[in-house]
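Paired with chain B in one complex and with chain C in the other, chain A is shared by the two complexes that follow.
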Partner chain A sequence: MIGFITRRLLQSIVVVLLVTVIVFILLHLLPGGPARAQLGTRATPAAIANFNHQMGYDRPVPVQYWDWLKHLVTGNLGFSVKFNQSVSSLIGERLPKTLVLTVLSTLFALVVAIPLGMIQAVKRNHAADYTITCWAFIFYATPPFFLGVVLIVVFSVYLPILPAEAPQSSSLGVILSQPAGLILPVLTLALVTIAQFSRYMRSSVIENLAEDYVRTARAKGAGERIVLIRHVLRNSLIPVATLLGLSLPTIFSGALITEAVFNFPGIGQLFWTAAQTQDYPIMLGITVLVGLATVIGSLLADLAYAVLDPRVRYA
Partner chain B sequence: MTAIPADDAALADSPHVRGPKGRGTVARTVSAFVESKLAVVGLGIVVAFIVFCYVGPLVYHTDQVHIDLSQATLPPSGAHPLGTNEVGYDQLGRLMVGGQSSLEVGVAAALLATVFGTLWGAIAGYAGGFIDSAMMRIVDALLAVPALFLLLFLASIARPTIGLLILVIAFISWLGPARLVRGQALTLRTRDYVTSVRLMGGGPLRAILRHIAPNTIGTVVVNATFQVADAILIVAALSFLGLGIPPPAANWGDMLSNGINYTYDGYWWLIYPPGLAIVLVVVAFNLIGDALRDSFEVRLQKR
Partner chain C sequence: MSPVVTLDDLHTDIALRKGTVYPVGGVSLTVGKGESLGIVGESGCGKTMTALSVIRLLPPGGRVARGSITLGDTDLATLDEAGMRKIRGNRIGMIFQDPMTSLNPCMTIGDQVSETVLLHRDVTRAQARERAAEVLDLVGLPRAKERLDSYPHLLSGGMRQRVVIAMALACEPELLIADEPTTALDATIQKQILELIDDLRGRLGMAVILVTHDLGVIAGYTDRVAVMYAGKIVETSSTRELFANPRHPYTEALFRALPENVDADRRLYAIPGLPPDLSNPPQGCRFAARCAYATEECRDQEPELTGDGHPFACFHPLGAKEQATPNPHTPLAVAEETAPLLVVRNLVRTFPVTSNGVLQRKIGAVSAVADVSFTVHTGETFGLVGESGCGKSTIGRLLVAADTPTSGSVTFDGTQISGKSHHELRKRRRDFQLMFQDPYASLDPRMRVRSILREPLAIQHRGSAVEQEKAIAKLLDEVGLPGAALDKYPHEFSGGQRQRIGLARALALRPKLIVADEPVSALDVSVQAQILNLMRDLQREHQLTYVFISHDLSVVRYLSTTIGVMYLGKLVEIGPAEQVYTSPAHPYTQGLIDTIPLADPEREQRKDNAGVRGELPSAMNPPSGCRFRTRCPLATEKCAAEEPPMRQFSHQGHQAACHYPLQQPDVTESTNRTNPGSRAAPQS
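And then the complex of A and B:
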């Protein structure tokens, strides 16, 4: 077990380093660059050269990378000229909001998807199963921004009961104090996840229902409810826990779109703004942060798998 | 090369494991696919859209190049069954033309991603050891960055064209097939017929191209079907983020994200037709993929 953890940890470090290298290379392949974006199309070559010199963009790429990496280790993600603020403070300001959005929607998705998947598995090939499967396919196939707009049309235009825009504030407290504004963004993000999770839950429960321990429990006279909740549910959650760890990138991609639809001031929106103005330090900082979260997520998923399922033993 | 999954390649000739009516693996796969009603529905939707997008413009002539502001945002009527958009293009005709590029980008990106991913995975799995680790860590690293974040990087390189869009989408889509194929290649390379290639003096290239890659075809085809669906969704997301193909070219994603600007003006015909077209086609490809997976998974079939 310890050997496995060490190996996975080392692998994770390599992966995170590769993420930084890939992102850095991609950024420096882009023509134009931040000087153009910052100084405008009519900037003189001299002004651009001066800007690049000031920002250190005229040094060789490996040198820039090494420098950036050294700063990264100390928590310094650089400075955004556009926002006139350090990247870490920008991210620190917006990350909690994205976390609120993603955590709430993931929790909501789990609370809905787990019972749905169980119902589908128990009523396999009955009307309920087909109905839920059908909706899961539809929600999975709907572009999140289209879903968001449909929700806005229904709940803000026809039945004006919910605001169409997320609360606007730089403080997390203000956003949390207007929960009505969070309902539509959380729902938008959750619906796609529910579609995905319920499919997994369904097949996981179906697999577990065929196991010997279920037959044993039934033979011992356990009621169907006890069998389902005490035995099948607990074992069926194992793959869902793994899936949760692996779906972080998807959830962040969804958050980016959702934030754009509802004008939600999170890191997705920050990244989008930064991409439009080619604000390198912000793009680098966010990507590395999300990459790190993903790597940790999949590491935890692997470990959770070993802890939750006694049959799994890593050498 | 026939579409026989690896496990059955040897068994297919043996009379004992044939289906109840003595059919072979290919026939069984095909019939399992046809028997799945959902697959037929999915295939029907895809064929209907192909006809709509490619034959439709031959019957229903519209001008999709010159703007006509006097005809802008007309509601549906006899002359324009689905109305017109904000610069006067006929919406029904645009749906046909836009569908062409949505489908083309989806299929081309999926094909490119699948071929590249399959080769990458087959090489990594066949090579094993350090090469395998190095190649798969690159895949892990790219997977750790959310797809949309990578796309925003790549798509901001230049003014998007169809070719660039296909490349960019393929760039983030090859990771899935690479992982799947690598997993299969790890077991395939120990098979007798692969080791005998080596014994007979065949190089690694021959083993990978002629024996390993073709034997993963089942997994690969299923995955490619899902890739088409995902690619169409990615095009839509990129259009929404302002990185679509500039007009007069059209695709459903651009049409939908354009229409969304008019949510509050009540121009529903600009939003729902392209939106529904995307949902229907993506559902259809997912249905086909699911049915294909079931029909390749011999394990799940009643023999």
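And then the complex of A and C:
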């Protein structure tokens, strides 16, 4: 098991490196460039050249990449001119907030989606199933930024019971002390995830209910509740666990947009601002982070797989 | 004998989206304490639905519509769901067909067995676990106590079926229902499981309902038998009486379709047509449309199941008066000696086993085929027989160059085909074709029959579109399908019809050799007989050569001129079919023959030998010396030390590889220095 994890982590490093190469090239292909964004549209070519020289942006791209990579190894992700702060401290300050948002919404989504999917499978093709399916499709099809705005309109404007904006503070403690402000962002993120996971859970349970071992359990005299909870649940969670690991980056990037909508001071908002000002170091830093999330997500999926399914053993 | 369970006029229907099916149409039977009742019939006859009605686990939409099921003094037909739950697993235990899927893969076997106990007995978890160990021990799971925390995937099929039996028996039920309990298992394991059920019935005094399609299983392991056809019992009596004196034409037809009762040079009796559609059961006798003796009366009125001791439902029973036997087993022409078509020399196929790491280190090898040599002559049928995992299918793939041997050669019609590139083989491939086991999976579900049959012709550029169309029409006619079949999709056909399509596809390029891998093992006996007859007819017409791969020795014996017996990658015995079958030299062949359940209670109950004990060892670390020695009753130290060479047993090419053969080797031909006769066991 340890050997397996080590190997997977080694593979991950290669994956993350490849991601950074691609992003590095793409960033430098963007028109405009950080100088334009920083100095304004009326900056003279000489000022731009000067800025680029100062920042080292006039050197060949491979050289810049190598330089950036050397710093990355020592944990230095670079410096943001715009924020006048090192990228690592910017990310370090905002990452916990985004994690709170993602983890809360994912947990909430699982707690709702798993029973929902089971109810749908048991009541297959009945009114309850059709109703949940209908809503799942609606939420699945709605872009998160629009869903966020709709929730704000409903719960902050028409029924003013929840704040439209996330708590504004640089401290995580302050944000957690105002849970009301977290409800709408968490809900926005969770609804899409619930929609997706309940669909998977539904088909997984339906598939398992038709398995022979379920008939064996019934032949022992087990009631439907025991069949469902003791036999079907664990078997049905296997594909869902894989899906969860693989959707970790999706949930994470979903948070980027949701944070922008609710002005939540997390990674997403930071990325949003950096993208508008073409702040290379921040964008690269966050990309590495998302790359890591993807790799860790699939590793977690594999581990969850081994925990749930006794037939899977890694050597 | 007091009845444990009594079914009276049981009717079951299943509501489907389109209409209703009536799989059980008035079944009455009783089973007494310690008695074993067999329900036999072909697929779709309602035997499984009858069993599922008793335990009330019908598929969605199913219900017991009419009649009663009395267990002790409870009527199960009208009992509510909560009441039924107290019966299932407690007073009725059930064993299902496929042990590979009937256990929960995510639960330890200890938990699964103790669950039954916990559901019905007022015991603690520890007590239930103790009971689980006790029952697993009873069903012959070695080291049961240590294995309580094993997951099912660590056990072989036979061992899993023992666990399923343990679950069914944990609460000592009055009635055990076994629905095709051994159909998914190998013959040697089948015998062990059936003997276990039989033994437990005696020890626990249970009533047993054994549902099976296999008349051999019925003959050996039941006291009474009910023959079902199209949802009704057509005949029922004691097992001996039924086999000695069948009265219903359907029963007789089933017997005559069995290849084991027919000489190799005779045609099999095939029941024409298909069973009726049970969503709209026919009027009159349900068998009338396929019955050789049917009259107007049969088609108008339904015969009652009447008679004392041996009731049957027929107006024209057998044995009542002299009747001309319709379609006697017509003799077949005998093939002459011909030139060798396929020569296999020292064939070896090893599959490397790698670690699933980055470097894919080789950590072992599965020896699937280990040094196999044989020759197949033009126009003959070479039967390859053995348990699953013995390498017979791997050989099949090597013969048609679908796989490359690790070493050794396959020579077809004078040209070596093993180790050749795809390009070089392209043109040769038309000469050798494959026929597959599963008629459901081997045809593309989205292609019409016309496209399926045209594809090989198009790939090999055989003729113009018009000529291809003609060739397809001829093929269809040859395999006995109507022209209208061309525009249908595979799912619109029955299993037997699909196997005909598979045969037509194999024949499309007019090959010289057809390798048929278990072509009839998914089919019912009557349909099996149709396909076997068809294969023989086509062989004669087109001078075809067959390599027929099967686990079923009686089918192989019937169809083949030469039989090769495989065990764990080795060819252990080879020779003319009759010689190998009637006087085997290798103890494994003898064991295989002994494990075949014969449809003859007299012979079946006289059998006292053990068959083949134990389970197939892993091909990753095959036993040293003779690979069969771990299961062989005659094995000595010599067998472990020295690999037995092939020795001659007759001038007709009967050879076997054994240190202690059951026959005297033909010394005049033998080149061996060893003295083989000293330990030879007398032939049974």
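We take it that the second predicted complex is superposed on the first by the 297 of 315 C-alpha atoms of A that agree within 3 Å, B and C clash if a C-alpha of one lies under 4 Å from a C-alpha of the other, contacts with A are read in each partner's own complex, and residues count from 1 in each chain.
In this text, a residue touches a chain if its C-beta (ideal position, glycine included) is under 8 Å from a C-beta of that chain, and two chains touch if they have at least 3 such contacts.
This is a predicted model, so every value here is computed, not measured.
K.L.:
Going by the touch definition up top, name the partner, chain B or chain C, that contacts more of chain A.
P.N.:
Result: the larger residue contact count on chain A belongs to B.
K.L.:
By the touch definition at the top of the document, which applies to A:92: first (chain B), second (chain C), both, or neither?
P.N.:
neither
K.L.:
Would you check which partner chain A:179 touches, where first means chain B only, second means chain C only, and both and neither mean what they say?
P.N.:
In the superposed model, A:179 contacts neither chain B nor chain C.
K.L.:
Look at A:291 in the shared chain and tell me whether it touches chain B only, chain C only, both, or neither; answer first, second, both or neither.
P.N.:
In the superposition, A:291 contacts chain B only.
K.L.:
Touching A:308, do we find chain B (first), chain C (second), both, or neither?
P.N.:
second
K.L.:
Could you say whether A:19 touches chain B, chain C, both of them, or neither, answering first, second, both or neither?
P.N.:
first
K.L.:
Touch test for A:256: chain B only (first), chain C only (second), both, or neither?
P.N.:
After superposition on chain A, A:256 lies in contact with chain B alone.
K.L.:
If you stack the two complexes on chain A, which partner ends up touching A:11: first (chain B), second (chain C), both, or neither?
P.N.:
The answer is both, since A:11 touches chain B and chain C.
K.L.:
Please work out whether A:138 is in contact with chain B alone, chain C alone, both, or neither, and reply first, second, both or neither.
P.N.:
first
K.L.:
Quick check on the superposed pair: does A:115 touch chain B, chain C, both, or neither? Answer first, second, both or neither.
P.N.:
neither
K.L.:
What is the shared patch of chain A, the residues that chain B and chain C both contact?
P.N.:
Overlap of chain B and chain C footprints on chain A: residues 11.
K.L.:
Could you pull out which chain A residues touch chain C in their complex?
P.N.:
3, 7, 10-11, 211-213, 215-223, 226, 230-231, 234-235, 308-311, 314-315
K.L.:
In the complex, go through chain C and note every residue touching chain A.
P.N.:
Contact set of chain C toward chain A: 55, 57, 85-90, 93-94, 96, 98, 101-107, 115-116, 119-120, 151, 153, 164, 167-168, 355-358.
K.L.:
Report the residues of chain A in contact with chain B in the complex, numbered from low to high.
P.N.:
11, 14-16, 18-19, 21-23, 26-27, 29-31, 137-138, 140-146, 149-150, 152-153, 157, 249-250, 252-253, 256-257, 260, 271-272, 275-276, 278, 283, 286-287, 290-291, 294-295, 298
K.L.:
What part of chain B is in contact with chain A in the complex they form?
P.N.:
Touching chain A: residues 137-138, 140-150, 152-154, 156-158, 229, 233, 236-237, 240-242, 253, 256-257, 260, 263-264, 271, 275, 278-280, 282-283, 286-287 of chain B.
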